[in-house]
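Two complexes, one shared chain (chain A), two partners (chain B, chain C).
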Partner chain A sequence: MGLDRRSFISLVAGGVTGSLFTPVIWKTLDDVSIWTQNWSWIPRLNYGEELKVPALCKLGSDAYGITVKTVAGRPVVAEGNPDHPLSLGGICPLGAASVHLLYSPSRVKNPKLKDGSSFKDITWDEAEELLVGKIKEAGASVAMISGDETGSVTDVLSGLVGKAGSDKSFLMPGESAPAVAALAMLGGDGKVGYDIENANYVLMLGADALGSWGNVARNGKAFSASREKGVKFVYVGPAQNGTSAVADSWIPCLPGTEPVLALGLAAVIADKGRDRSFWPGFAAFAKFVQTSYPLDKVAEITGVPAATIAGLALELMRAGRPLVLTAAVAGQGLGAFELAAGMSLNMLLGQINTVGGVRILPWAPKVVEAAADTKTLLASDLVAYLSAVADGGAEAPALLMVYGANPAYALPNLAKVQAAMDKAGFVVSFSSFMDETAAMADLIMPDSYAFERLDDAYSPYGSGQPNYTVAAAVIKPVFDTRPTGDVLLAVAAKAELDLGFESFEDVVKAKAEALGADFDELVGGAAWISEEFPVQDLALWQTPLQELVAPISDGKSLALAPALQLKIGSAKIAIPPFNTNAIRFNEMLGTDMYVLINAATAKNLGLKKDDVVKLASAGGECKARVRIFEGVMNDTVVAPMGFGHTAWDAFSRGKGDNVYKLLAADTEAQTGLSRFATARVTVTKA
Partner chain B sequence: MAKCKSCVVLPFLVGLVASIVLGWWGFPKVLYSQKTQPIRFDHVVHVEDQAMACEDCHAFREDGSYAGMPTNANCVGCHEDVQGEDPDEARYVTEYVQQEKEVEWLGYQKQPDNVYFSHIAHKELDCTTCHPDVANMSTPPVYYENRLSGYSKDTMKMWQCEECHAKSGASNACFVCHK
Partner chain C sequence: MQAKEFKVKWGMLVDLDKCTGCGACTVACRAENNLPPEADASNKLRTTDWMNIYELSNEKPFPDHEVAYLPRPCMQCGHPSCSTVCPVVATLKDEEGGIVSQVYPRCIGCRYCMAACPYHARYFNWFDPIWPEGMEKVLTPYASARPRGVVEKCTFCHHRFMAAKEQARMNGEDPTQLAEDAYIPACAEICPTGAIKFGDLNNPEHEVSKLAASKYAFRLLEKLGTDPQVYYYSKREWVRKLGDNYLKNAKGGEHV
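So, the complex of A and B:
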């Protein structure tokens, strides 16, 4: 019997029919569908024990304790630490993105040496030998910049510079330096803190306390608790922001004129408050503010109605424990005398070194003998130094070392900063990320990321009480990076500059011991807290009183109000990849950032929504688009900080423009220190 | 006519039977590859000779999550050095413990990432309801890996979960298993 055509078709039909009664078709279809879910590029879960490990976040405006949730030893998410006094369970937008930054594409994965316009990879031994050679060559012509005023790595770096014979140790500008200088004007000596939890009236003069200023997480918790206690929060600033949105009231005030408002309030309180004539310095101060800052004049300068100022002064006088927080809207650049103007209000109200008021905190113990102490570091003016180097007024350092800071992006007089860095003989960056400073550096010795190393923080600016936090590494370094503290100690030893410690852990242990804290308990996540505050004799004013230089409207330019939003980044960190989705449609169009002006101002300038504009100041120029927003004062432009990166990664590079370019520092007459909180800018169609 | 009928029916039946045989017997052999555990772990020695309980190695953590397969940290208490004469134990000590390398055990019932299976929610069930009775085996069963999906042949399918949930009155809502 042959297999003819009919039989063959019948055989096939039988086979097909039979297959329907087998798993071949159904199982294959099912497995193919599962196969499509398991392609190699699809991320897979890593199973294992879940733990919560204490850690430190220093990405935003302050340092505070967080917890990192790990699964099988791998960090997966950061959360607030309810047991830490500066977190109380809260976390800032940068802290929330901190775990993902471990694997950021902008991480520097190994030491790199500048090779023409790019970098070549080198080993750690080569990098350390190179730095040792440069230290020996430079002699005393060495300088350092740190962006971490709370950590002991700064002490080690400053100790290295000091041991080399240089006093050129600098911190990046922040709110702490002018606050300390302001306190000194009142006769105080110490770090400055604010007992925001126990205040029953909080006046935020420019301080974006619930968005970006001070201990943001703690501030938020204090605000939350205040709702039930009936504590009033009043925000004074040039534009609506996250703080004004939730505060009990917002008092619009022209940018940079908040200190004038403070002195205006002081004039009213000195006049109508209880008798303080027996206070040292009161008579001279009262005469100064009442002569120089009458209500009408203050109202004209600040744009705040006289009746509002009088009402505000009355509220402050009636509150039992009022607290005045003075700051630049952008979180830096305020002059010391300007901050002292706000501080004098606390003094007048009897709210310094008392519950619910300003707290004077003791300085951190000095454990690295050759290092500059924090007080000296805060008094050293980095902006003035770099400007002098650029202008030829100061000798450029043969070796410049930068740790935890991005001066090539986040300083005023930016062109001069970059020129000063070009003039430096050899620039070393210890950045974990390819930031603008690292991109300009001759050598990058990448620091292990925050969760990959031991780190500490002593009483960040604004803390309500002295505190010390130590965090051990959560995970071994993901890339070929090393903790800068240990690298510096190793390099110092090779350069025969004995700093007195063999490891960074020994430095931290020494600091803990000096404070009377238990290192093991600190590493376990329990912050050291003290209730001891130095008792000091304060006088209302210790320095000659001069009128503030208030920004003057010329009818052509606008007052610039730089706005800092932590979700977009900070002076240290660019937009984390995790946070790009948080940038809203009304903050960026394509790659252009929006600046905010109100309709009246727009009409005066002949501008309309989405117009591309050029902002120009004495410092430089920026490009942006216009957004009309009625939550901005007249003749004021609000510009977001954190955009305009030229290095980092695709998530932050080339988006918007860098507002620091618009900030030009001038010298405060009363203190000789740099100030750059605001600027006058022209806004024209591009 | 009769001849024509057999020309049609017979080949049809042959095709039908052949297809069914190949589908039920041959297809699984093609679909699944066979693997053995990296180390032949002898449960009997541990359970009977050493009187160890399942929980000694397959424990719940403090937070209720299930630790799953033991790691070297569990085993080095006894096996930091070679204890007996089993060549697989010697290999485990030299190739894994001393090299600080974890054994990549093959999980017979490992679920996909999109399924959240809580062992502690099922702790009233006997382990062998879902798992092979390895406690009574000196040699772990062969692991059949689906060449297409990559999962074990014994990985429980969703209908099996649903059937048991339905019979026991547990919820079959999506979010019970898919978080």
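So, the complex of A and C:
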């Protein structure tokens, strides 16, 4: 008997139907999809007890409290800290990426000594011994650079330098130094803060308050809360950004001329406002602004129409508690006179040392006797010093120590800065990461990362009230690194330079005690907050009044407006691994960054979208592509900061170009501070 | 297909008049949901971004130009286009709360759902996830790591929903009646300007449902009838108009 066609089909159909009733086929399909996804290189999740631990984020220019979630002791994510006055639950894009930086490919995993063009690994004992030897050899020819304005490690480092007999202690440039100098011009003395929460009209003169300026997370929360109260936010600057996108209005103003606008507004207010003739210094100031800054002249310099300026002045006068925030768009580089222009506008409006106005905060107590106090540090200009070293005008230090800063990347006059560092006898970097400075250092003594050590912060720039935060380690160091504070104290002791402390914890405890704060509570996550503000008599300028240096247009070059976005990094940190995705398609193409010009400017220059261009200034050159963006003023080019790293890792190296190369600094005669907020650049097809 | 109705419908409302496009939500989302870091993220057709931020423009020349930023999670549509096309039942809208699920082990990577989703909210893993050495130690226990060949998308931090229900049960409360702040996705929790609000759209007490009823609230591509559970809010008319203006200037590859 053969198998005929009919029975063959019946058999197959019956077989198929029958198999559908068994679970085998479904189970097999399920297993196939599971097992084809079950590869050994796909990491498994680890579970455990979940906790929230208070920590500190100093990756931007701010220093604020965050919380780190831990699972079985491992930090996994960072969130805002609702109880911290400078976070209020918010976090910046760098803070959000902070936990992953613990295992960044750029971490320096152990002490390293320069060996030809590369580094060789050495032990901590060898590294410390080497540094002790260098300190003894250098004598008073030592200098230090710190990128941490708020922490006590800077005090210890400065103490070490001071004890060695040197006054070469420097901070990286920021908004604080010119603000403090500006306050001094009005007769004030202290740190500068802004009570944004209680202002009912906020005029941001270049201050990218919601993107990168001051206490970003807190500013955001204050802005959000003020929305419901109908507070008006006005952004003045050369180009649109995140802040202008949500502000009530954007007033285009040529880069770096925002302070001129402040004086123009002051002229109008001095003329029309209430009687202030009895104020110290008012008569001279009013005469000065009215002669030097008449409306039409201000309109010409700034590019803001006269009617707009008059309207702004009127709004400021009518607002009950207006607040003016003056800054460079890039968060640094304004001179003291320029900041003082904004400050005097606040004063004219009666908004200094008052609710909703500018706040003068007391200086941090000095605990390390030999250290330079913050005021002195802020008055010492790093760019001027390094430029002088490069030019031979100052002696190169035999020993240069760098902590929490990346001067070889993030300073104007970059070529000179790098030359000065080459001239230094021996450069020690305490960086946790292989940044540009560490890469050119002779010795790297890697600091433990933020979550691996004790750290503190006293009233970062902009704080509305004095505050102090201490954060303990969240996790033990995952690599062979040590906290710089402790390393420095140990080295100082071995070099017979007694700083008066055994451990860094003692320094922080002393600071807490001096402030009247409880160390244990601080470590528990409760920030110390004070409501005490020094009362000071201010006058409208105790320094001779003078006109601001206005950028001159030559008709050929464009005004450069550097823009800072924290998601791309800061002066301290390169693009974190988790932030590459936050960079939009119109901010980067392959490894080229985009610079922004508007269509009219592009037409003048004969440029179109995606053209590769060369930006050239007196300082140097940058390569970029053109993006046509109508939120930029005519004859202005916006260039993003934070790109163009040459060290670090695959997440940032070789992406875009470093805009700091375009910035050249000049020195303000009265204060000695460097000005480099903007530059003139030519943009040509590359 | 008849869409399911839910007693609780989790919804998000993004106040575009508060969003500065800073990117903190994008980063926090990656960390929370174990998306791997991508060294080269410039080709947006190959990246995975559950929370993507778009820049909107009113397209007027300087000085009348205006920008706004629009963060785009999964819309958790009431009538999802994705789940109806999935051949292997890997994505469903079947759970109380109205969150569209994505079951990675079931996904066969056919990408029909990506083609169907009008919001580009779904992402295909073109590559195996790679964490730099040691960085796998900071993986959260909230979302399994997805291999190459699998589609993924925002889940409104579903694990947080589960945890909130668990917590409610432990407190002896009704897990179907969660308080407004008991369950919030990571992006909404950390937003520095508080632009992202979250809650039950069916609960008139929740801020989200109040704001969603405002004349300033809108949804993306409403005319497609997908009934998204993500609302946007803006007092600027041009921003609201863009919500449905999907064909204007659309060119291949530029809609990332």
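Definition applied: the second predicted complex is superposed on the first by the 644 of 686 C-alpha atoms of A that agree within 3 Å, B and C clash if a C-alpha of one lies under 4 Å from a C-alpha of the other, contacts with A are read in each partner's own complex, and residues count from 1 in each chain.
Assume a residue touches a chain if its C-beta (ideal position, glycine included) is under 8 Å from a C-beta of that chain, and two chains touch if they have at least 3 such contacts.
Since we're looking at a predicted model, the values are computed, not measured.
By the touch criterion stated above, A:A78 is placed in contact with chain C alone, chain B being left untouched.
Once the two complexes are overlaid on the shared chain, A:D4 sits against chain B while remaining clear of chain C. In the superposed pair of complexes, A:K476 makes contact with neither chain B nor chain C. When both complexes are overlaid on chain A, the residue A:L45 reaches chain B and chain C alike. Looking at the shared chain after the overlay, A:S224 reaches chain C, while chain B stays out of its contact range. In the superposition on chain A, A:V246 makes contact with chain C only, while chain B stays out of contact range.
In the superposed pair of complexes, A:T17 makes contact with chain B only, with no contact to chain C.
Ranked by how many residues of chain A each touches, chain B and chain C are led by C. In the superposition on chain A, A:Q37 makes contact with both chain B and chain C. According to the touch criterion, the shared surface of chain A, contacted by chain B in one complex and chain C in the other, consists of residues 34, 37, 44-45, 47, 50. Here chain A touches chain B in the complex through residues 1, 3-4, 6-8, 10-19, 21-24, 27-28, 31-32, 34-35, 37-38, 44-45, 47, 49-50, going by the rule given at the top. The touching residues of chain B, when paired with chain A in their complex, are 4, 7-20, 22-24, 27-28, 31, 61, 63, 65, 67-68, 112-114, 146, 148-151.
Across the interface of their complex, chain A is touched by residues 17-24, 26-28, 30-32, 34-35, 37-42, 44, 47-49, 53-55, 57, 59-63, 65-69, 88, 104-108, 128-129, 131-141, 144-147, 149-150, 186, 189-195, 256 of chain C. Contact residues of chain A toward chain C in the complex are 30, 33-34, 36-37, 39, 41-48, 50, 69, 71, 74-80, 89-93, 95-97, 99-100, 102-105, 210-211, 216-217, 219-221, 223-224, 227, 240, 242-246, 250, 252, 478, 565-567, 576-586, 588-591, 598-600, 630-634, 649-651.
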